[in-house]
Amino acid sequence: MPIIPVNYYIFLAVALFAIGIVGVLTRRNAIIIFMCIELMLNAVNILLVAFSKMHHVAAYALDKTTTVGTEAQLFVFFIMVVAAAEVTVGLAIIVMLYRNIHSVDINFLNRLKH
Amino acid sequence: MHITEILFWMLTALALFSALMVVSSDNPVHSVLWLILVFIAITGHYILMNAQFLAIVNMIVYAGAIMVLFLFVIMFMNLNKESEPQKSVWLRLAAVVSGGSLLLILVAALKDNTGYINSMKGEGSIGLIKNLGKTLFTEYVVPFEISSILFLSAMVGAVVLGKKENSSPAA
Amino acid sequence: MNAIIVSALWGVLMMYAGFVSKGKQNNILAVVGIVALLVANWLEYLGLSFFKIDTGGMLVYNTFGLLFNEVILFATLIYFLLSGNELGKSNSTPSDLYALIFFILSGIAILAGFRSLLMLFIGIEIVSIPLYVLAGSAKTNLKANEAALKYFLMGSFSTGLMLMGIAFLYGDAGTFFLDGVNAGLGVITPMKGIGLVLLLASMSFKVSAAPFHFWTPDVYDGSPTVFTSFMATIVKSAGFFAFLKLFESAFGSIQESWQTLMAVIAVLTLVIGNITAVFQQSVKRMLSYSSIAQAGFMLLGVFALNVFAKQGMILYFAAYSLATIAIFAVLAKLKDDSIVSFHGFARQQPVVAFALLISFLSLAGIPLTAGFFAKYFMLLAVLKDASMLWLLVVAILCAAVSVYYYFRVIQAMYFKESANGQEHELPDFSTSFKVIMVINAVLILALGIHPDWLTNLL
Amino acid sequence: MFAAFDNFPALLIWLPLAGGLLSFFIKSDKGAKANAMIFSLLSLGVMLGALAYTESKHFMLNQVSYVWLPGIGSSFGLILDGLTRILALLTVIIFPIVFLLVPSGRYHHANRFYGLMLLTQCGLLGVFMATDALVFYLFWELALIPVYFLSSTWGGEKRIRATFKFFIYTFLGSLFLLLGILYMYLKTGTGSFGLVAFYNVQLSELEQFVLFGLFFIAFAIKMPIFPFHTWQPEAYEEAPTPVTMVLSGIMVKMGLFGVLRWLLPMFPLAVKAFNTPIIIVIVAGMVYASFIAIYQDSIKRLIAYSSIAHIGLMAAGAFTLKDSAIHGMTLQMFSHGINIVALWIVADLVERQTGVTRISQLGGIAKKAPTLTIFLVIAAFANIALPLTNAFVGELMIFNGLFQFKPWIAALAGLSIILSAVYTLNMVKNVFYGETVAATAGFSDINKVQVLALGILTALIFVVGVYPDPFFKLIHETVGLIVNKYVTI
Amino acid sequence: MSKFVFLIPLLPLIGFLINGLGRNFLSKTLSGMIGSGVLVASFVLSILVFREVSAAGFSTQIINLFDFIKVAGLNIPFAFQIDQLSALFLLIITGIGSLIHIYSTAYMHEESSPHFARYFAYLNLFVFSMLLLVMGANFIVMFIGWEGVGLCSYLLIGYWFGNNNYNNAAKKAFVMNRIGDLGFLLAIFWMLSQFGSITYADVFAKASTAPVTVLTGIAILLFIGAMGKSAQIPLFTWLPDAMAGPTPVSALIHAATMVTAGIYMIARSNAIYSLAPVAQHLVAIVGLATALLAATIAIKQNDIKKVLAYSTVSQLGLMFLALGVGAYTSGVFHVMTHAFFKALLFLGAGSVIHAMHHEQDILKMGGLRSKLPITHITFLIGCIAIAGLPPFAGFFSKDEILAAAHDMNPIYYVLGVITSLMTAFYMFRLYFLTFSGSFRGTEEQALHVHESPFSMTFPLLILAILSIAGGWIGIPAVFAENAHWLSNFLQPVVPERHVHHHIPHNMELMLMGVVVALVLVMIVIAAKKFAKSDLGEPNEPTGFGKILANKWYVDELYDFIVVKPVNFLASFFSRVVDNSIIDGLVNGIGRGVQFSARQMRLLQSGQIGSYVLIMTVSIILFFIFQLLWKA
């Protein structure tokens, strides 16, 4: 029976997370930045699932009817829910901005400073 | 090397590569497509970990609905061809360095972490829709209901922002 | 529990009310709603809750939470009474905005009782997402747009951080319940450490603590003043409550390990907030920095996490919110928010000027105002266990600096005359407005003379 | 909250407070002044009554305590013991005189002016009478805030800046004080702010040093003593004269009072460790201030610096821990209040008529206004502690204590006696003697009211100067308690 | 009787109050009468006291009025002590005081009535303080009087406050006295800490118990006080300037009474000095030096009052010499005689000035002998007395001092003699320039020169008689054993150290003879030099004479080493240290905050990218802190 150390998943998630952050830092297009944030969320999701699996395995060894790990997967579900809502609002804001300044370049957002 | 491991490595490689492409590709449309690829890879991982429900939801909600939304907006703003201006080299360098060091630190902190996962038809299939649904509507009914408030507010928000200008306050 | 449901329902009600009701009626409806909320929450405080819902222990309401909620709701009442009209003036449908505010209140009610990280997450999102909208509700105003986008992007970024943190905590503890996270005899595994730091960062972001405060001045400055007022007071207080609750229940057992970090954050926040506020010429922006500065003081409470801290927090919420709401309410009515526009204020509007004076004194922490006892408790809390005298000395020096910029406005109101003689016409404040302002001022004084009235409820 | 009416300390708080609040609702200037006079005289009456009662040993009537903040552990406690009596007496004497001399129409919104003044009086009396640290602190600030508004509203051209400096400076000091109080509060164990509880706190040496520092900074800034004094000349110069009188006559005593009431009894070890350097600095500061006073060309600044020197002497006396010195400085607090107020009155009368405060632009007033000159000369010589004036008694005893402490310090401090003669006589000579100049050509002598006010002060100068015994009887008991604490260790 | 003693100082005080408060209502005559009346009254009382004291079997009386300070281990009663010494001084003060008051009623008559009253108020106040000084039963009361007289001298010197030179003189007098007073004060504190009391009785009783160093210290500090009051080196320069005051004031305060307070003080505390030889020598040397210095200066002065002033300083120097050599009685004796003839001389001078319409330059006088007969004769008597020709008063007292000095150290004697010879010279220079020769004043002065009214000449006559006979109470043993009534009288207070019996009588007589002869020579020289009808042009003094004329440039020296540095320090402290350094620091903090505020704003760049970057970096730092350090 093949087993994969949970570390691999952690590293994968962390890597995706880091990439997402780098994206947020490097890009200037608001939409892309938003997408990178979505990427970060997905990294979290995969991590949660991995953990849920991990804990489940640990608990299952003792009790065959255990439901340990469910909560994490449900949490992922809620994250997706929230993400969906966020996307609605976020895109609405971006569109509104585009209506006004015909650009989504965040570098032009510096009316407010100091 | 077992088939699942091979799958794991393939999916991981795919996810990371396309994630990098998301960040690096100039054309927004391309990034969107790459992002969809990332989601697909992640879905694969879900299946590997025997979380079918999430796999499906991820596929439908994310890769499907959300990314379409993104694509739509981008098209709507027809940003598709113009490649956005880059930030200064130094800023990007700083970004990469900090992101890298973050990764480094986390890995360094977590490398000697125990615990393992056996994949595919793992024990007690908690990832099945049936089980999840049961818990969702028993223990987790409250958050589920509450998240409706979230949607309501998102909806109202979208209305508030999207509605055309009207001088008179009352609707 | 009462608060969540009532406010959610009322939000829906407001949403539909938009179809029938006109501007003024919305205000009345909203006020009625708040009063209803106050009553409902108070009843629950007295032990009478309308609904018996099994939340599987994800939401547990104790006196602290309910009292906090009561204070917040009361602040919101004052806020509606003072700024309701401004809200009506904004070019969106007021009823929708009211609806959003009510949804936010229900989110705050969740934060008042969360015992699970899931609830924390959802609560914070319910609070945040409508706020993004409110910030951008002035659709044609470029500043507002910019504020909204900045707020949204950075806010969801911090959400990402928070989720990552939660994930690691789950990986460590195998549960989302705070008690579960707190268990483990104070040993810190790497995962727990990472989770802690990430949560610290994201919560600091929500309460605009340095170095995660950068969004605050821009967003507060850009958003319509009405909503700045709401964000800076009620939402910030909620954030702080969640912060306190989370770190007390989830990381209480490993307090020593993060106190130093917290102290650093507090000091940074105090210094940056106070110092930067000194130079601001726009009162609105000055207040947004001052809100950072005040956050620095509240962080001392989170830092200490003892009985004094809790009393102080409640008092601080009340003192800070009441004062700031009053000031913003006046600011919202002024043409421009530069400090010059306050010249000669006292002569033309003695009553309002007096109310403002009390508010500023309270913010500056002058004795016999609520603000004094708020700071008093914070100092006491820090002094009690961890005798980090240097931290307090910094706090004191910053308090002295804060006097500088608060009193600049007082000087403008009382001792300076509008330049080149001619009057810049001030808006004519309605009698009801004046009355509320005075009541507000009296409340601040009352809390300053007899804080026990509030702290004894704890 | 009003207990029995024979309850003097309470009345001393409530009367000015009520009067002050009432004053804001009086429209006419005359009414406001009358109101202020009435309430200040009432409190004077109460004070005298209190003294009478104390003589007949109804001591309880001079000590009250109301439940205030049980949750926090603070109770609204007031006492009229020796230390308080003499300072409260000073306060209630000064205020009516100050009010008496304010010419109608001098200040716009007179009702606010008098209201704030009365609030200040309330604050001062509270500071002197509080037996509860928190109450003490609150009154400490309450005395400061009205003064801030008084000076910023009715002061000179640079008033806002000067007053603001003064305010932030003292406010910062008082924050340190607050910190110290809170620490003590936590150390009491019983969670009480009571004076007695504070006295009984057991502190390690290090704690004493730190706390001493916290309290001392606040008091030093308030007094002020070198080198924390730079706010004072500006503040005195810019504030409206009635306020300046209160500031220099009474408010600076808050710092000295604090030293006697809180600092010395609470931190004996620290005091013993630090008093020598402190005294040396203070005394050096006295001489320094006297030198500066010689250079001043503005009457107000001259008086300000001379006040710094005199306050310094009192502070030094307190830190010698010598019985005679502490008795002396306690009496001297009273005397100095009387003298400096008299000097300010004269300075103000001169400024009012000539509109000038520059010594170099004045002269020959004696020819025009002999009566004023007589009072001035008396006040001036009282200021340089001529025998049979009040200041002589106090300074004699302080110097005696200094000499017992370290003879050479007494000798150094003695320089200030000589210098004080120099600058005071310079002032007298250049302003009042000599030939009249343009500014003083049309000078007219003072009227009945002013004669009355100055007459009262002069009478006090001589009463205390010739027969100080009753005043010593007043303070002896309390001062004895302070000193004995050091006899034991 | 003693129950009325308190009236002696009280009456002048009452006079002061009446004249002071009623100055606008009282007529000149009335205030004059009050002023003089109270003094005459207390003079009468003093006589009664004196009779009681001089009666056999009298013991010192302490009269406690009330407790001045009785707290904190201090016990300072406000008490008077009546004994031989104070009784003697009472007589001198009230007696001469009365005469001068009477004199003043005429002399000051040109003043308007309020100022006239003010003048008498001041005089009365002075007498009151002076009486406190001598009657006090402890050093505090003495100090009270001590500063009181200082105040009055300040007020009286600056009596004509319209003139700023006078005011400066007044200020100078007060400040210099203050310097001395500081010494006095320190001495008081020292005595307090040493003996626990400053009552004469206790202090002198315990004096022998204290270590000599302490006593020396106390003695020297006391002497510093005396320097100030009695115008000794280095604090003597105020006295000549003090001549700015009205002449009767100069007579009373700056010749007869106040300036002798120092001698009184030291004589009073002889118990301490006798135990502190070092201090005694200091006193002697300073006294002698002052005597010489002042005498030399007096030779070259042309202002009639200045000459008398310097002669006063010089005479005071001699008195201190006496005290220094332990001949306290002689000191007190000379105080008395000096009071007589110096008052006489000053009043005479006043009469001259009065006649000359406030002309004080003796080079512009001359030939007044015929015009002012009474003034002239009395003035001559005064000159003889001070020159020390027998049997005038000055002879006895001065001779006694010289003899005592000779006992202690012949050099003292020689210098003393030189001083008295110079005295004789300049006094007669003064006399001849003023009264003999021909009138050198202006024409219209010549017309108006007239003898002064009786109320002015009457005191002159009285004092003249005293200047002649005053010395006979101290006939030295040379002429008649135990004829020295004064020393016997003062025996209880000032134990006489039998100075006279060390040198044989014939030798003493011989010395006396020599001195008298030399004095006569001096007078003759003066007559030769100045009695001519025309002096020719008053040529500028040159060389040494110039130095003398300029008073050894002492004032300039003080100005250079004291006044200028003080002013420099004042301005330096004020402008540099206070404004720039200390206040600069305080304001600098404020400015620092402002500056850092301006810098910190730049952090708020408005760029999301940089915001997020900073956030990320700080998170990384937190990680490092939290994980790697803790691990």
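Letters A, B, C, D and E mark the chains as written, and numbering starts fresh at 1 in each.
Note that in this section a contact is a pair of C-beta atoms (placed from the backbone, for glycine too) under 8 Å apart; a residue touches a chain by one contact, two chains touch by 3 or more.
Note that the coordinates shown come from a computational prediction; the quantities given were computed from them, not determined experimentally.
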item	value
Shared interface partners, meaning chains that touch subunit C and subunit D	E
Chain labels contacting subunit A and also subunit B	C, E
Most distant chain from subunit B by Cα centroid	E
Per Cα centroids, the chain farthest from subunit A	E
Distance-to-centre winner among chains (Cα means, whole assembly as reference)	D
B-C compared against B-E, more contacting pairs	B-C
CA centroid of subunit A to CA centroid of subunit C, Å	28
CA centroid of subunit A to CA centroid of subunit E, Å	99
Distance between chain centroids, defined by C-alpha means - subunit D, subunit E (Å)	38
Distance between chain centroids, defined by C-alpha means - subunit B, subunit D (Å)	72
Multi-chain contact sites of subunit D, meaning residues that touch two or more partners	none
Multi-partner residues of subunit A (each touching 2 or more other chains)	6, 10, 20-21, 24-25, 28, 33-34, 52, 54, 58, 68, 71, 78, 82, 85-86, 89, 92-94, 96, 106-107, 109, 111-113
Per-residue overlap in subunit C, given as positions that touch at least 2 other chains	118, 122, 125, 129, 132-133, 136, 139-140, 150, 153, 157, 190, 193-194, 217-218, 404
Complete list of chain pairs which touch one another	A-B, A-C, A-E, B-C, B-E, C-D, C-E, D-E
Subunit E to subunit A touching residues, read off their complex	601-602, 604-609, 612-613, 616
Interface residues, subunit B side, partner subunit A - complex	2-5, 8, 12, 15-16, 19-20, 22-23, 28, 31-32, 35, 38-39, 42, 45-46, 49-51, 53-54, 57-58, 61-62, 65-66, 69-70, 73-74, 76-77, 79, 84-87, 91-92, 94-96, 98-100, 102-103, 106-107, 110-111, 113, 115-119, 122-124, 126-127, 131-132, 135-136, 140, 143, 147, 150-151, 153-155, 157-158, 161-162
Subunit A residues within the subunit B interface of the complex	1-12, 14-16, 18-23, 25-29, 31-32, 34-36, 38-39, 42, 45-46, 49-50, 52-54, 56-58, 60, 64-71, 73-74, 76-78, 80-89, 91-96, 98, 104-105, 107
Residues of subunit C touching subunit E in the complex	150, 153-154, 157, 161, 188, 190, 193-194, 196-198, 200-201, 205, 211-212, 214-215, 217-218, 257-258, 260-261, 272, 275-279, 401, 404
List of subunit E residues in touch with subunit D within their complex	20, 66-74, 114, 140, 143-144, 147-148, 151, 154, 158, 161-164, 167-168, 170-171, 174-175, 178-179, 181-182, 185-186, 189-190, 192-193, 566-567, 569-571, 573-575, 577-578, 582-583, 586-587, 590
